[in-house]
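Structure first, commentary second.
In this document, chain identifiers A, B and C correspond to the written order of the chains, with residue numbering beginning at 1 in each.
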Amino acid sequence: MSADGQTACRIDIQDFEGPLDLLLFLIRRDELDVTTIHVAEVAGQYLDYIREAEDLNLDIAGEYLVMAATLTRMKSRLLLPVERALMDDTEDPMETLMRHLVLYKAFKEVASELRENESIWRDVYTPPGERDRYEEDVTVTDPGQTSLLELLLALENMAEKNAPAPRHRIHKPLLSLTECVSVLDRLLSLESAKDFSDAVGKDADQAVVVSFFVAILELVKRGWITTEQSYPFADIVMKRKTERWEMNA
Amino acid sequence: MLDQLARQIEALLVATEEPVTVGRICELTGCGTESAEQAVLRIEAELASGGHSIVVARLAGGYRIVTDPELGFIVGQLFEGKRHSRLSRASLETLAVIAYRQPATRAQVEAVRGVNSDSAMRTLLERDLVKIEGRQETPGRPLLYGTTSRFLEYFGLNKLEHLPRTNEMENLLKLSAEDIERLASELSGEESDQII
Amino acid sequence: MLDQLARQIEALLVATEEPVTVGRICELTGCGTESAEQAVLRIEAELASGGHSIVVARLAGGYRIVTDPELGFIVGQLFEGKRHSRLSRASLETLAVIAYRQPATRAQVEAVRGVNSDSAMRTLLERDLVKIEGRQETPGRPLLYGTTSRFLEYFGLNKLEHLPRTNEMENLLKLSAEDIERLASELSGEESDQII
């Protein structure tokens, strides 16, 4: 904004929330009543103001200019009684503008009342809530309803426990799918279920857990095993469904 | 000395993440509405007589325990830098129009304010004070906005009817309904290509 | 009846999100270590004599006020079944990228957001707002994500085409599709050995 100090004593367009706000300011400055004021009296001042601002190369938002055009039209209508008579059946734009000003003024006042509420309630603080203390204890899903997501979460949980510092990404080579499958092939029987943590070993590192997990997803997809989990983060229980696993199929 | 029911309710009002309605209190503690309301009064009395720093607030249709605003200058330090700034005047005005007029389209807000309210609207959405409630079944299908329960909490209101000057504003809006619609339809005609 | 210092400390311990050390209490209230410790004892005594449901917990080298564990059976119910009611900023951003770009890989989301979106993604999956739609047929075969019908419901939308296109979301998507692809392929190159 290039006011160069010339506008020091002037009103700054940035202080206003739009043309209605500026109009209200002009009305109030002259201690006029919005409900009775003939808008034409203020229109002149508004136009002067916009003209000056334009002369100063101030950046004027389009809405101000639209309002200026409207006010100019109103003023010219006042000067042309003929046109005024012709337009008699339509509504007087001046009245509309006045109603608009009253409405806007009311909202402006309400907004400042809300501002008071805001300043009181900004000083009010709420306890953070105790979800963290309780949620895990109470979220239980029905047994046998293992979704892909719960599987993922279980993995996450196990992987986290085993990871020394979770800051870095894994770059360890993973076991191949075939390797994992052949281990599981030996481990799983048609008769009894097996826990995932047993399959990978108690202290398996993250890469191993990931490899086995992917293998399990693949086996589930092929319908060769089923998985169950009694609640989120619980161990995944695997059961063999088919006798023969042909990886190349 | 608080009785068992009051203790239970107090714990709920401390631990909750959002105001708890009387109905929910009854459900969780197994008491009746009247007993719940009286227990809340006993909690308030006991907190006051012990000179405690917390109070029961009636917000967004429910209760929750909050710190005394008088101590805001101390507690606020805990959240320095994390605290939201106060709302701008543009945001407050926009919020006021939405609050009384809801559900309202952006064009309706702009019709009342006489000025573009895009960025104010964005701030309000971001701060969860306003939410999208659907679309208006008119040409262009503009989005409809309403206030959230966070809005009520933010201004310490229990319900929408507790907004300042509800009746007066309602009447005013009724009187200017046509004006607003006319201006709004002019505005949304100009902008319909902005909305997908 | 609590004195002013105890009141201030109590308010801090109620509102804090993590335990507050004695040192921090002194810093915020301007009192000495000994006074702080004694004030905590006064708070405890006053809470106990009023039969209140909250206690001072000594945790992780600090203090905070929490509900009495004895009332866990009541308080726990508040969080039963009901997941977080509000999405965090990070989740929303992530969701936005997925919603507008779907199907999208995590690397694409991160390319847009410029930060790791792991936990946001997990939240969204957990809350059934986003689902896995398959794998992209590129090296590393990254997972592809899309939004669920729960997502539409959550945002009160009838169909995906009704998604709002506010400037906020446009800002997120300022990058051209090519930019995103390029950034994403760089990212997924780094991560190709991380499967999930």
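The rule is short, and it goes like this: contacts are C-beta pairs under 8 Å (C-beta built on N, C-alpha and C of every residue); 3 or more make two chains touch, one makes a residue touch a chain.
Note that the structure is predicted; figures quoted are calculated from it, not measured.
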item: Core chain by centroid distance, with centroids computed from Cα atoms only; value: A
item: Greatest separation from chain B - chain, by CA centre; value: C
item: Whole-Å separation of chain centres (CA-atom averages), chain A against chain B; value: 17
item: Rounded Å distance, chain A centre to chain C centre (Cα mean); value: 13
item: Geometric centre distance via CA averages, chain C-chain B, whole Å; value: 21
item: Of all residues in chain C, the ones touching two or more other chains; value: 11, 14-17, 66-67, 75, 77-78
item: Set of chain A residues in contact with two or more other chains; value: 125-127, 130-131, 133-134
item: Chain B residues within the chain C interface of the complex; value: 1-3, 6-8, 10-12, 14-18, 20, 28-29, 46-47, 49-54, 65, 67-68, 71, 74-75, 77-78, 118-119, 121-122, 125-126, 128, 132-135, 141, 143, 150, 194-196
item: Of all residues in chain A, those that touch chain C in their complex; value: 125-128, 130-131, 133-135, 137-139, 148-149, 152-153, 155-156, 169-174, 210, 213-214
item: Sites on chain C touched by chain A in the complex; value: 11, 14-17, 65-67, 72, 75-81, 84, 122, 125-126, 132, 190-191, 193-196
item: Chain A-facing residues of chain B, complex; value: 14-17, 57, 64-73, 75-76, 78-79, 83, 86-87, 89-90, 92-93, 95-97, 100, 112-116, 153-157, 163-165, 168-169, 172-173, 175-176, 179-180, 183
item: Complex interface listing, chain A residues touching chain B; value: 17-21, 61, 63, 67, 96, 99-100, 102-104, 106-108, 110-115, 117-127, 129-131, 133-134
